[in-house]
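Same chain, two partners: chain A is paired with chain B first, then with chain C.
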Partner chain A sequence: MFILHFQENHNFMTEENYNPIPQPDEIDIREKEDAMGAYLMMFAALGAGLPLPILNLVAAIIYYYINKGKSLFVRFHSLQSLLSQLPTSILNAIAVFWGARIVFFDYAFTDVFKGYLWLVGIANLIYIIFSIIGAVKARKGQMYYFLFFGRVSYQSVFKRREADSLKVVNQPPKM
Partner chain B sequence: MNKNLRDLGVILIVALIIWAGFTYFSTTTEKQDLVSIQQEADIADFFNKQIFREFDSVDVELTDSVMNVIFERLSKGMDTVSYDYDIYVLKSDQVNAFTAFHGQLFVFTGLIEQTESAEELAAVLAHELAHAENRHVIKNLIKEIGLNSLILIISGGDPVVMQEITKMVVSSGFSRNMEREADEYAIQYLRKANINPNRLTQFFLKLKQKNRELPDGFEWISSHPALKERIQFVTENAGDSIVEIPIDLDWDEFKKSLH
Partner chain C sequence: MLTFEIKHQDRYSRGELLLRTFFGWLYIVIPHMFLLFFMSLWGAILSFISFWVVLFTGRYPQSFFEYQVKLIHWNTRLSARMFNLSDDYPPFGLDAKDEYVNVDVQYPERISRGLVLLRLFFGVIYVLIPHLFILFFRIIWTQILVFIAWWVVLITGEFPKSWHEFIVGTLRWQTRVNLYMSYMTDVYPPFSGKP
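Here is the complex of A and B:
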């Protein structure tokens, strides 16, 4: 019980260090569309980058850096989309190289590879489903947290930085 | 932070379970056994008819005794004998031998012409027997055209499609892995049957002189592993030299009788 209390307190304390989460009515339409675009654009790139799945990672990183300077809401959704497509892209890349070895260099088509293809298929399916949900929620101005990636993105984007609290205060010239 | 690690762990474990589960329940290996021995025998009937329509065979009475002597010797080296093997000799200049279905082996007279001894032919047959024992032909066909279409075609017996399949089997386009496996088994068979496995190398070298191969560098693209690679493989894996017990046949006499 003690430990539980301590943890709750601890969590409560750390939330102080985060910027407030924007509510749907505080977000303008432009931001909502940018946030939605983060999801849609990334899996459009997933299709385009199919032969070499690393390509869409590059596209996603570029998109993230373009949107980084915009509001925290946009930045959160861009980062969540970028992070959540990392494992899928890596799985896809491995599948492509492994498959190429089998086709061109006549390695055995093993059950292990077959099982891996199932894993890749399921991972892509989950990724696409969650991206669509994420896009719809973002368009409505809502936060939506994926398992693991949601919390990591939130912690990374909303955390107050030292620099934030050092507000620049304009001063008159020295007389 | 702890929650992040926990969630990451959950994702990784679920992914591993999916991978392991689908690997365990994959049916690649079983699927190849879906063609029963009986079905394969039916396929063989159709196929043999097709073969004998396209090629003239040398009188079976003439070749049977010779082939039996060689097969008897080789069967001593085989761990399993899955079929009642029949070895036919076909009249053709092609330097070729192939395995068909249900233990039906075919050798062209062109290949026999190239051999200098019964042991050399035994080495070639050992390789073909290895293909048969490992059911490579049926595995290959299933891989190429699928199990359902295979059964459909065989039962329908469409002549045009049968011709295509015949072509495929005669040209024996096995994968590198299958050829390697067959060479591996052939070495075993030959050693146990007291025939020097290097007889196989000898014959490969002859083939190499005979037909000029794909230019170097294209080796990987061909479905047949280049001869050079196979010669190297067999030489490396032939093992210690063994005392060869000659096969008791008058080879030159047999070759003459084929004309």
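Here is the complex of A and C:
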């Protein structure tokens, strides 16, 4: 009884709560390519020729909003790519800001900054490696879950939304 | 492969011609170029990514390809008005239809990866230099024709058909070179502006 009550009040990743995951042979090549493209937005700044790391994030956001209506598969990969880009984008933006202060305002090039650059470099390397793996998997029509972001994206994209829950019900004023 | 047509009208509006000449920059060029700047920036990003995708998979992503074609269409709609090849205001938007301008590119299922590398390293030598050399003179002649045609349209209300074809041919030629150099086709652009 308690278990049933508990399950009713919590959203478990069960088949009833989530839309079915499309299998590779059910996805056409166009969808696979669109999903792959989401991860490649990490090169947007290079493509635009503007050395602004934040541009990658902007591109990922635009890409997500353009493609989110196409299919659940494309939407999942677009969202995962976008979310996974947030930490590195913030780290990069801080590095650029900090570096600009050193170059233009004669702030000291401290060991702390050097250490931070190492951190940023490693974070970017990890991000690029995982994104390339994600792009390759998406091109093959496979789901690929990043740590944390994969779960969040899956829950956001595949979770069923009952039509009734979105329906607005007018209520009388609180007495 | 490439459909590139700008319809020749029997009659051209003298009023629109004058309006475009004196105020076109204000009500046509600035609003369109403002939007096209951002659209082209996105196009450049997609183009860069597509290069790598083509290099590794041998396929140009279809959605990206369609976006580039729509962008070319939009640019052509604007060019048609700036060269006085068409009347009416050019429609905004990637999906807009234009009764005078028709641009379409057949989607290639495969793109040769060898040719991609060849273009990357030697494209300047075997594509850009020979084509741009001839196009340089052709564009000068096109500008002269546009100038003379302006007076002809103002006086007679008609655009000489052969001149119209020549100017459209120049735009078509440039588009073919762009398509080839942006890896959207494997067909080497002919040294001609004919369809």
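The working rule: the second predicted complex is superposed on the first by the 140 of 175 C-alpha atoms of A that agree within 3 Å, B and C clash if a C-alpha of one lies under 4 Å from a C-alpha of the other, contacts with A are read in each partner's own complex, and residues count from 1 in each chain.
To be clear about the criterion, a contact is a pair of C-beta atoms (placed from the backbone, for glycine too) under 8 Å apart; a residue touches a chain by one contact, two chains touch by 3 or more.
Here the structure is a predicted model, which means the values were calculated and not measured.
By the touch criterion stated above, A:62 is placed in contact with chain C alone, chain B being left untouched.
By the document's definition of touching, neither partner reaches A:97: not chain B, not chain C. In the superposed pair of complexes, A:18 makes contact with neither chain B nor chain C.
Look at A:147: by the touch rule set out above, it reaches chain B but stays clear of chain C. Between chain B and chain C, the partner in contact with more residues of chain A is B.
In the complex of the two chains, the chain C residues touching chain A come out as 41-42, 44-49, 52-53, 57, 59, 61-64. Per the touch definition, chain B reaches chain A in the complex via residues 3-4, 7-8, 10-11, 15, 18-24, 26, 28-29, 175-177, 220-221, 223. For chain A in complex with chain C, the residues that touch the partner chain are 29-30, 33-34, 36-37, 40-41, 43-44, 46-49, 59, 62, 139.
Listed in rising order, the residues of chain A touching chain B in the complex are 87, 104-112, 114-116, 118-119, 122-123, 147-148, 151-152, 155.
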